[in-house]
Amino acid sequence: MSFLRVENLTCRFGGIVALQDISFSMEKGEILGLMGANGAGKTTLLSLIAGNVAPSAGHILLEGERIDGRSPHRVNGLGVARTFQIVRPFAGMTVLGNVMIGALYGRGRTMSLRHARTQCLEILDEVGLADRRDLPAAALTLAGRKRLEVARALATQPRLLLLDEVLAGLNASEANDALDLIRRLRETRMLSIIIIEHVMKALMRLSHRILVLHDGKKIMDGEPAEVASDPRVIAAYLGEHAHV
Amino acid sequence: MSFRNFALKAVLAAAALSVALPSYAADPVKIGVGIAKTGPFAPAAIPTLNAYQMWADDLNAKGGMDVAGTKRPIQLVVYDDQSDFTKEAAIYEKLITDDKVDLLLSPYATPFHFAIVGVLERYKFPMVGSTAASVQLRTIKPGNIWFPTSAIPDKMGPELVSLMKKQGVKTVSISTLQSPFAQEMEKYVKAALTDSGIKLLSSQQYAMDVKDMTSIVSAIKKEQPDAVLSLSFPADSILFMKAAREQGLTAPFQFVLVGPTADFFGKIFGKNLDGVMTMGHWSPYQTKWPKGMPFFEAYSKKFNQAPDYLDVALAYMSCEITEAAVAKVGLDKEKLRKEISSTTFDTIDGPVKFTGVENSTTPTMFLQIQDGKPQIVWPPKEETAPFQKKGPWVN
Amino acid sequence: MKERALTIVSIIAALALFVGAPQIVNAYWLGVALQLLSGIALTQSWVAFSGLTGYVSLGHAVFYGAGAYVMALLWQSAALWEILVASGFTAAALALLIGYPALRVRGPYFVILTLGLSELCKYVVIAIEAALESSGRLLFDTPDPVFLYYIMLLLAVLATLLTWGLARSRWGAGLRAIREDETAASTVGVPVTFLKIMAFVLSAFIPGVVGAVWVLRTTFFEPMQLFSPTTSFTIVTMAVIGGSDGAPGPIFGAAFIVILSELLWARAPQFYLVLLGILLISFVLFIPRGIYGQLTALAQRRRA
Amino acid sequence: MDQIASTQLLLSALILASIYALVALGLNLIYGTMRLLNVAHGDLMMLGGYFSYWVFQLVGIGPLWSMFGAVLLTAILGAACYLSIVRYVIGNRELAARLEANSLLIFFGFAIIIQNGLSMAFTSDPRSYGYLNSILAVGDARVELNRLAVLGLGTVASAGCVLFFQFSRFGLATRALIQQRDAASLVGINADRIQLLVFCVGFGMAGLAGSLVSMTETVTPFGGFPYTISAFVVIILGGLGNLGGGILGAVLLAIIEIYGVALTSAAYRSILLYGVFITVLLIRPQGLLGRSAR
């Protein structure tokens, strides 16, 4: 049984088809890259998996259990956590406060504030925000906020982590740090990860497998090398964007 | 008035007060009032306060209030209840325990009276009420509050039906505001209509925040009743009258419950108010009550507007009764209670005597505005002018 | 630690003062204290929901009115405490009933919706009363004000404990997360609908009981007044002026408004209201976290 | 039933609709462009009403002329309000984060100030004057001339306002701002100037409505709140920020008020009204005409 199975997933907004008949599966511990031009439906796919949007048709199964159509907090309770492309910190709360919400309500459901605090301090340490834990989230730089997104998602103790462009807007060294972080996390926490990334080089290096979307449809999925050389992908995507 | 102007006046008033007080020879008699100076009830309540003020000023001009033989100046202590009756109990408690007033005058309107019944009872403080009327007031334990009104719905209902019968009314249509007093009135009018020979064509209620009464009036107009009863309060009375005029409601008998006695009503409707019937049991044109006309003239002169024939009359009556009782027995609460409960008082509205909490001498009457003047047209033995049919509406 | 001790001592002193008040002050000042306590109880309850979740409710008058109505209906036909509990539960049940649909909308929609719902309930009660041929309900032999005062004190303390406990709890953290970003909150596992409705129901209970106590004080029930939207606006004003992110704020807010109104309403009623308007605007503009928020900010700055 | 088909009711519904449309328009404009809930809107109306009342009483000039003064007065107030307060709120990140709640409180403060200021200045007596009050027969209906004037002027003003925002350059820019604040500033629309003008127009419309209504209804310091409530109902029905929808909402509300009452009972007027309002809010929060506004 696959860790995550997506079957014939379709999503419409009014008359617009955002995703059409998407099927794929991934294994535990795998890092799956999502690739596609703007508007290809990558973020929508994450939203569907995380439960933020209900699919119009199709199923999503996590270890054989259907999670589609459930509310986001239930999906999270089953071990799926996501970050947002446009970061959504709890701006008025401290950095630590942000992360603690994840610990208190996520899959871990730590009931005690004290325990949650200890857990979260560890996570902040891990992502490198420990020194800024008492700052209001709004005071962080963009790089900081991206890390905060990851930290908050991690605090929910996920099994599947959905990362939506966590490298965007970071400079080269920040991006490298982030990549290391993601790899490390996968190893230490036995995470499965789906990642959307515009920086192709990073995506190729990080992912075990890559799924390519174009106009809401799946073009192919396969190992990075396979994808990079596939003519359909080059036509649909790489042809338009030159920054490989 | 600009803010600065207002602040200046406030400061001056405070200064005047502090200077004026010691200049009185005797200790002033403090008289407490809680009334709506702000909020939606304020327009209707201010004339009542005016009556109190005029009474106090007159007494002070005459050297003060006669307290069982000694004249003492009086000082009104007035607080604003912000048109919120849930504040009234606290205000009267303040008047009694904090300001330590010697006497109380009543707030404006029925709920505000009801809201202080408990306080009066607790402190055994007698107070003559004014602008309150409800059948429920009879459920109040007598002894601390008295109601000089004779416009109580269970009496008005049958009387109004008798009056209509005498005027040859065969059919009647009623519209009623969903407000306690109007609803009580509706109930007792309807009860009296059964077996009266007058046919009730329709009776409808409307909600408090009505904005347009066209459909109500046009439904009534279609029925062509002899009599139209608008059991309304000032705001919707205005709406009713405007719609009635607009659509040319021609019923010869048109009754509007609350509003026509107020000065601003006359200003708004002018000649169109003529022929409109309303509740009330006082008119300055009643020659039997010699105090009436002088009061009317004095009030009109002082405030540049006519007194409300219902509210202001009641408010002034409550002052007169309080004054007479104090003149006789002084300020002792127990003696006052006995005095007010047992004596017949001479007022601008004729003799008043209480049985229980109720005025048992003044008969239930109805007024009709004729030539801009309030005339008593019912009952026959109190009549100041004969009933006239409502004429056509004018421009 | 020293600060904490100071806080505890002042809380105990304040409580002792309130418990002893009926022996010390006259009936009038007791009435003022009663107003203060009911202001605290109502505002705390409001803050427990609106302050923490950011859903501004302009409908709390409905819970207050519903409690008052239950008391007016049942007075002298059941034991006092039974009616008080029934009032609270009626208000809570009403919150459950309207909370589920209402809490699906956010922002300005929620604000206007709660105002509309509270007006709707008012007119429904008016229609019921009209159908019952009741014209206002006069309550006789109501309890002594001192007794009502102690009930209100209890309610204020309970409401304060509720908000205090909630604000520091796991639930409170979840509610604040909803206030900051509801979508993000649900994505990290916060059961937003459940939490919102629970908080709404909890925040309705005490206003219901407060309404029931007030109608005993007023001795007269009439729906236009007891369901008046002014009650809701007053609550919001107290919360804004005091601060709405925890239990201390409402105490400051209620105290500020009650003291201000004591100083002014008797002398210059209209001016008092104008001043209240000016203050409200000034607080929103310049002290948006309220008196308590400002005080803690100042204290922090001094320490830093 | 013949009553339902009468011209009298139709006229009344139209007159009411024209007032509601006018009142709601200003509120909608300000909410639409800036997400500010102006709960003082009805009180601004009363300000306009008092202005026309006093001009008539003191100089004998009717609202057909004094309405321009009323508009000017309230528009200046709008400008002052925007420049002194609103700009500060929008520019302050902490305040802007909870704009709806904060604006509600600020305007509530305004409402209290206007109400009690008016009552301090003019006492709280209801004011009314007879102007254009001769009665005209329209078909089988009779109607006061001033109500027809309200209908005519209200319709012209509302329609003019909607058309202006539909077709003028300024209107286009405003609608761009209504649809997408961030994007609008990207394409070089001067949001500050538009907002200032929107405030002038929004407040001015309230003043105009008050001036017109003073011919047919009484003006009191505390008479504004019911209009504010009605206006909120109207713009929810039509969709917050949707100007054309507001007109539809006004017509709908007037129909409920006149025909709903005629068909059922006036006793249920408020229940009916708030019932429809709440149902619409719950089922279609974007309004009957609105696209998904969030």
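Odds and ends about this structure:
So that you can tell them apart, the chains are marked A, B, C and D in the order they are listed, and the count of residues begins at 1 in each.
The rule we apply is simple: contacts are C-beta pairs under 8 Å (C-beta built on N, C-alpha and C of every residue); 3 or more make two chains touch, one makes a residue touch a chain.
If you're wondering where the values come from, they're calculated on a predicted model, not measured in any experiment.
When chain centres are defined as mean Cα coordinates, A lies farthest from chain B. Overall, the chain located most centrally, as judged by its C-alpha mean against the mean of all protein C-alpha atoms, is C. Mean C-alpha positions place chain A and chain D at a centre distance of 47 Å. Chain C and chain D have Cα centroids separated by 31 Å.
For this pair, chain B with chain C, the centres built from the Cα atoms lie 36 Å apart. Touching of two or more other chains is recorded for residues 123, 126-127, 130, 270-271, 273-274 of chain C. In chain A, the residues touching two or more other chains are 91-92.
Among the residues of chain B, those touching two or more other chains are numbered 3, 6, 38, 178, 205, 207-208.
Against chain C, in their complex, chain B makes its touches with residues 3, 6-7, 10, 14, 37-38, 79-80, 82, 84-86, 88-90, 93-94, 96-98, 110-111, 114-115, 117-118, 122, 134, 136, 139-141, 178-181, 183-184, 187, 205, 207-208. Interface residues of chain B facing chain D in the complex, by the touch rule stated above, are 1-3, 6, 38-40, 42-43, 46, 175, 178, 204-216, 218-219, 222, 234-235, 238, 242, 245-248, 264, 267-268, 270, 393, 395. Chain contact summary for the complex, chain C toward chain B: residues 26-29, 31-32, 34-35, 123, 126-127, 130, 133, 135-136, 138, 140, 142, 144-145, 214, 217-220, 222, 224-226, 228, 230, 265-271, 273-274. Within the complex formed with chain B, the residues of chain D that make contact are 2-3, 6, 8-9, 12, 16, 116-117, 119-121, 123-128, 130, 133-135, 141-144, 147, 216-218, 220, 222, 226, 230, 257-259, 261-262, 265-271. Considering their complex, residues 50-52, 71-74, 76-77, 81-82, 84, 88-93, 97, 100-102, 104-107, 109, 111, 113, 116, 152-153, 155-156 of chain A touch chain C.
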